[in-house]
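When the chains are written out, they are named A, B, C and D in that same order, and each has its own residue count from 1.
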Amino acid sequence: MNEQLDHDSVDHAMQPDDTPELRALYKGFEAESLIPLWTQLGDLMPIHPKSKAVPHVWKWSNLLPLAEKSGELVPVGRGGERRALGLANPGLAPNAYVTPTMWAAIQYLGPRETAPEHRHSQNAFRFVVEGEGVWTVVNGDPVRMSRGDLLLTPGWNFHGHHNDTDKPMAWIDGLDIPFSQQMDVGFFEFGSDRVTDYATPNFSRGERLWCHPGLRPLSQLQNTVSSPIGAYRWEFTDRALTEQLLLEDEGQPATVAQGHAAIRYVNPTTGNDVMPTIRCEFHRLRAGVETAPRQEVGSSVFQVFEGKGSVVLNGVTTPLETGDMFVVPSWVKWSLQAESQFDLFRFSDAPIMEALSFMRTKVEGQS
Amino acid sequence: MNEQLDHDSVDHAMQPDDTPELRALYKGFEAESLIPLWTQLGDLMPIHPKSKAVPHVWKWSNLLPLAEKSGELVPVGRGGERRALGLANPGLAPNAYVTPTMWAAIQYLGPRETAPEHRHSQNAFRFVVEGEGVWTVVNGDPVRMSRGDLLLTPGWNFHGHHNDTDKPMAWIDGLDIPFSQQMDVGFFEFGSDRVTDYATPNFSRGERLWCHPGLRPLSQLQNTVSSPIGAYRWEFTDRALTEQLLLEDEGQPATVAQGHAAIRYVNPTTGNDVMPTIRCEFHRLRAGVETAPRQEVGSSVFQVFEGKGSVVLNGVTTPLETGDMFVVPSWVKWSLQAESQFDLFRFSDAPIMEALSFMRTKVEGQS
Amino acid sequence: MNEQLDHDSVDHAMQPDDTPELRALYKGFEAESLIPLWTQLGDLMPIHPKSKAVPHVWKWSNLLPLAEKSGELVPVGRGGERRALGLANPGLAPNAYVTPTMWAAIQYLGPRETAPEHRHSQNAFRFVVEGEGVWTVVNGDPVRMSRGDLLLTPGWNFHGHHNDTDKPMAWIDGLDIPFSQQMDVGFFEFGSDRVTDYATPNFSRGERLWCHPGLRPLSQLQNTVSSPIGAYRWEFTDRALTEQLLLEDEGQPATVAQGHAAIRYVNPTTGNDVMPTIRCEFHRLRAGVETAPRQEVGSSVFQVFEGKGSVVLNGVTTPLETGDMFVVPSWVKWSLQAESQFDLFRFSDAPIMEALSFMRTKVEGQS
Amino acid sequence: MNEQLDHDSVDHAMQPDDTPELRALYKGFEAESLIPLWTQLGDLMPIHPKSKAVPHVWKWSNLLPLAEKSGELVPVGRGGERRALGLANPGLAPNAYVTPTMWAAIQYLGPRETAPEHRHSQNAFRFVVEGEGVWTVVNGDPVRMSRGDLLLTPGWNFHGHHNDTDKPMAWIDGLDIPFSQQMDVGFFEFGSDRVTDYATPNFSRGERLWCHPGLRPLSQLQNTVSSPIGAYRWEFTDRALTEQLLLEDEGQPATVAQGHAAIRYVNPTTGNDVMPTIRCEFHRLRAGVETAPRQEVGSSVFQVFEGKGSVVLNGVTTPLETGDMFVVPSWVKWSLQAESQFDLFRFSDAPIMEALSFMRTKVEGQS
């Protein structure tokens, strides 16, 4: 066994001599839509994941003004469907993919605007880093959007958004568009040109049914692939993280590492991830904490929710503040450093990797 | 096929003639520890479940004074372990079994008393119909007991109780003692003669980690057979039921039947029952509601938490009020009638029946 | 903690003084169908499983003549249903239970006789230690019974038997009758007074569909709770065990312990046990092998299929030969000793214990 | 709702006016690595899957000579690793992808040649349409390759091939290379430059342990993600299909449709697909049978094993004979027509689509 052996050098050594006969053979391949493995192996089957996607940071201070300007110049409505700016990973151009599996965007809705209803196979969520006043209507159930909330619109649920106020609002969208596009799994259907219910309740029907810890409605015993909870409220997330740190102070096991509280958003019918393709988590670091450098199969996107700190991606440190987003491609080494208490929302394609048994994790200092 | 055919008459018809030779044969069976099937079939394999357990109602107004009197006469401590009075199904005498699978008892703890710690394979819970002031310490985690709370002590967790006040407190215990005794699965171990932590926090560590709806601690990704939540608080149960009835008022699907709200207590790591052998539920009927008569495989015990109404068991109606308990053996027809808003706690062995594929349900008016 | 502490001595120490007041209280309990825990704890919650069932051996040389005599004196037909002699554990008298969960019997069918069709919730199997000539018809599918075969009739499948020859045949039946009787889960329905198909094919339709290793009919993608294979043929079992020992000879991991080959019969739709309540296995020991003494939660029954050896049950050694049966109650220490190559069929209630998380195993010399 | 609405026309209608300001905004997007959704929606989220992959047929009569010629000109050995010609879907150029998820190739090994050992995360199989004489060595276990056999080398198992004869041999390889490349999940490690065992047994150790229908080695109770069976032999496949058609002749339910027998190769530890990402099946049509046109999410590749017939892909009929291969991209309508008895091997990415809940199927004439 020779794990260090370099594909390229080996490939080179093995290539057959370039003769007229070989050229004729290669022509024959081309005519028959065949490509030999031996000319491509290093690219097709790398020693470890070498993503075309690159680590990248987007500054909220740049994103938001562009979204606002779009609000002036670009209408929202049927056809374009959403005023959303996709974060395009520079390594994946010309596709608007933040990672090979995921789409991330800043979406912007002006005062009193409506983004019309539609549904699609793609799983989607919204996370609200600031602002309020918009309701997302999911299959007729209006869900309030407020700071720190995670909202779900799992595959094939009709959904639209409307702004009930005189102020604009921006948030981030996450979807599995790149995965569904490359895998050819997507269906799409237009719904109402308006939203089907303009009510503005504080709590959606899904929350009222499901957000009682450990209690399952007897009318809802069928498990669902995606979570029936439309909105995971900041109030609960914040409290869960606060309690973890307090328990740590009391010497109890509760945090994922010293000074590092974290929760995963889950489907209460199964305890598993909220949607089949997307994992959502929230992390809080105490001031001064640094996480152990990690490499993971699959890709993640983070958004800073509050506090100051930095991310180290493949050895490059970038300072971060509220709203900043960054992407961690597969097997890229990453760690976080907290200057103040540092809160970050994270989403990833880990459920795909785990369901198909491709997940691996390497943590510096662990075997 | 002849479903109506009566076993007894058929058995009778088939018994061989009583000859000296047959008697000699039967003697031979006895000597070899053999019993012929043909003399016992109707009993061994009935047309439908015919439990030796009988429907029965216990009045809280009788239970509580006997528990109080026990408080005067019987000490609590190492050896007897608990001052608990088991509800003994009259059909299962001389065993202290409320059903063939389950034990139910009223437990009583005097002012400043301690019930010492122990652990056992048997799964257990407490439900508090009235009172407060006792803490159950589960593996060192003190859990407050208050009105309307469900507390879990799943199999093989050390647990004890202590009364922090100058007033006595009574509650009900439910365990799978009969199942474990008949199936020979039980282990038992004494722990501390006191409880290991006399602190009296409002919320247990398990609650602080787990009672945030839809949020899973990242440090707790391993599923557990039983729920990690030590106490399911009345505040949440009441709110969940209230919301179901409000949603029903708004024309939304939420209740299990018209005017009948209900929740199942579940393990948040899986969405399944709180323990492998015991299902716990809470039901609320609007005043005037009658449930459809049902028959189910497996047995249930109910306790009235609040309100007035009655239960119909095999056609016999019994009025009920707060604290009253009743047992529904397997395949006995039962229904509830609510005079006022009527709140009931229920536990059953349904997880056993479902895990082993024996569950059947028959509801009057449904096919 | 004090694991060695004896319940009885402790109980004794704790019993309250026998006063007139206490007697009056106990009378009050009786009147209200209550039984105090403190008088019964040691029995209800033992330190470890102490089964009423006892280890016991039945000699085939005694069983078979009694079955044959029954064939002369007792008719088989509707009502009695089966000419079956249940092995009655001496500790469980007067019930015809071989263990607290399981029934085992020798069944006998005379030349040209038919045991009529019926179905029941109880799961059943037949194992053939010798003989041939009978077909079991399961939901209309005739299944040949031959030496060494395991036949399944899972719960609620119609089944009858008919002897197509001029010779009698005997075999053993295993069912979960005690479990279903105590748990009140059983339904029963008579079917045809004859069997519905007197054809005598070599292979049943279930085998023809399913007995191709690793191949699943595309028309059968729905998993089933019990195995769809009606008969597990001796030819396959023997070959599997032979290969394990050959692989062991080649230095490959294949046996469960040195000189001890074993297979579990499984449901090909899931890889799990053949029925929800009964595990079936076949064990082969090389001559001279002794198994490590084991204790397990739950109960087992063995039948010697071929060879000579002995069983050690709680330290008592009993020699065994073809057809002999023995029972191992919960937590009884057992081991096997092989004089010649020693083949044994085993069935147990382990699926119940595992599904409900009560399984524990202790093997001498392992921690 | 307006399912027919065309994305393109709608998009057109909604595009904002092309003004200098808009151009400046779009420049800003570019500078910040942003791409607006409204310019790309139709492509990113189509009404139904519109794969870049196209239906295509490869003729064995063209493939084999090119493979043979490669045998003359191209060495096999460390670096190039395999003399394999990948079927490159014309719609996915320049990638050597037969579908967006799967790789298919014809591999060729000359007399006495060895393809050296390596392992990779990618799941792989071989199917043998003709020939014999090669052994695949999987983790040291030599597996004979013969006509009609399916061989597995699941992810991260070392494997190499060697030809034990004086004749060349060709077969097809299937892997999830495109999926793993796009998702960035692949690891690769070189092993021995030779194979680690040149023995040529008829049956591999995995077969000897596992290929006994319904029998599980007691030493192998841990479920595995991929099948432990190294080779699924043609003898068994043929017999299973033959029995299905015989059962159909007898009026029994066995085939997937009239005249259409089919099996799925499964993992015996679970009853599920052989590997997490690849489904393998074998189909047999009686002469004259036509299958109902189907559309499925996900992609399939077929190889004709024996017989004559044709495939209809999006309305285009292509005649087929032994060895011919064709690809069905996602949501492309396909059906088969059998001139003679028609045997086809099929593999697909259906386990991916099902695990992530994207599977949909539409069959003509069914709702």
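Here, a residue touches a chain if its C-beta (ideal position, glycine included) is under 8 Å from a C-beta of that chain, and two chains touch if they have at least 3 such contacts.
To keep track of the chains, here are their UniProt names: A, B, C, D = Gentisate 1,2-dioxygenase.
What you are looking at is a predicted structure, and each value in this text was computed from that prediction instead of being measured.
**Q** Need the CA-centroid distance for the pair chain A / chain C, whole Å please.
**A** Taking the average C-alpha coordinate of chain A and of chain C, the gap between them is 52 Å.
**Q** Mind checking the centre-to-centre distance between chain A and chain D? Centres are C-alpha means, answer in whole Å.
**A** Computed value for the inter-centroid distance: 30 Å.
**Q** Could you say which residues in chain B touch two or more other chains, in rising order?
**A** Counting only residues that touch two or more other chains, chain B contributes none.
**Q** Report the topology of the inter-chain touch graph, choosing from line, ring, star, complete and other.
**A** ring
**Q** Pairwise, which chains touch?
**A** Here the touching chain pairs work out to A-B, A-D, B-C, C-D.
**Q** Looking at the complex, which residues from chain C come into contact with chain B?
**A** 1-3, 5, 7, 10-16, 19, 21-22, 25, 28-29, 32-38, 40-41, 43-51, 53, 56, 58, 62-63, 66, 69-70, 73-75, 77-90, 96, 100-101, 103, 105, 120-122, 155, 177, 179-192, 225, 276-277, 297-299, 329-331, 349, 351-353, 355-358, 360
**Q** Would you tell me which residues of chain D are touching chain C in their complex?
**A** Listed in rising order, the residues of chain D that touch chain C are 205, 208-219, 221, 223, 227, 229, 232, 236-237, 239-240, 243-244, 246-247, 252-256, 262-271, 274, 281, 283.
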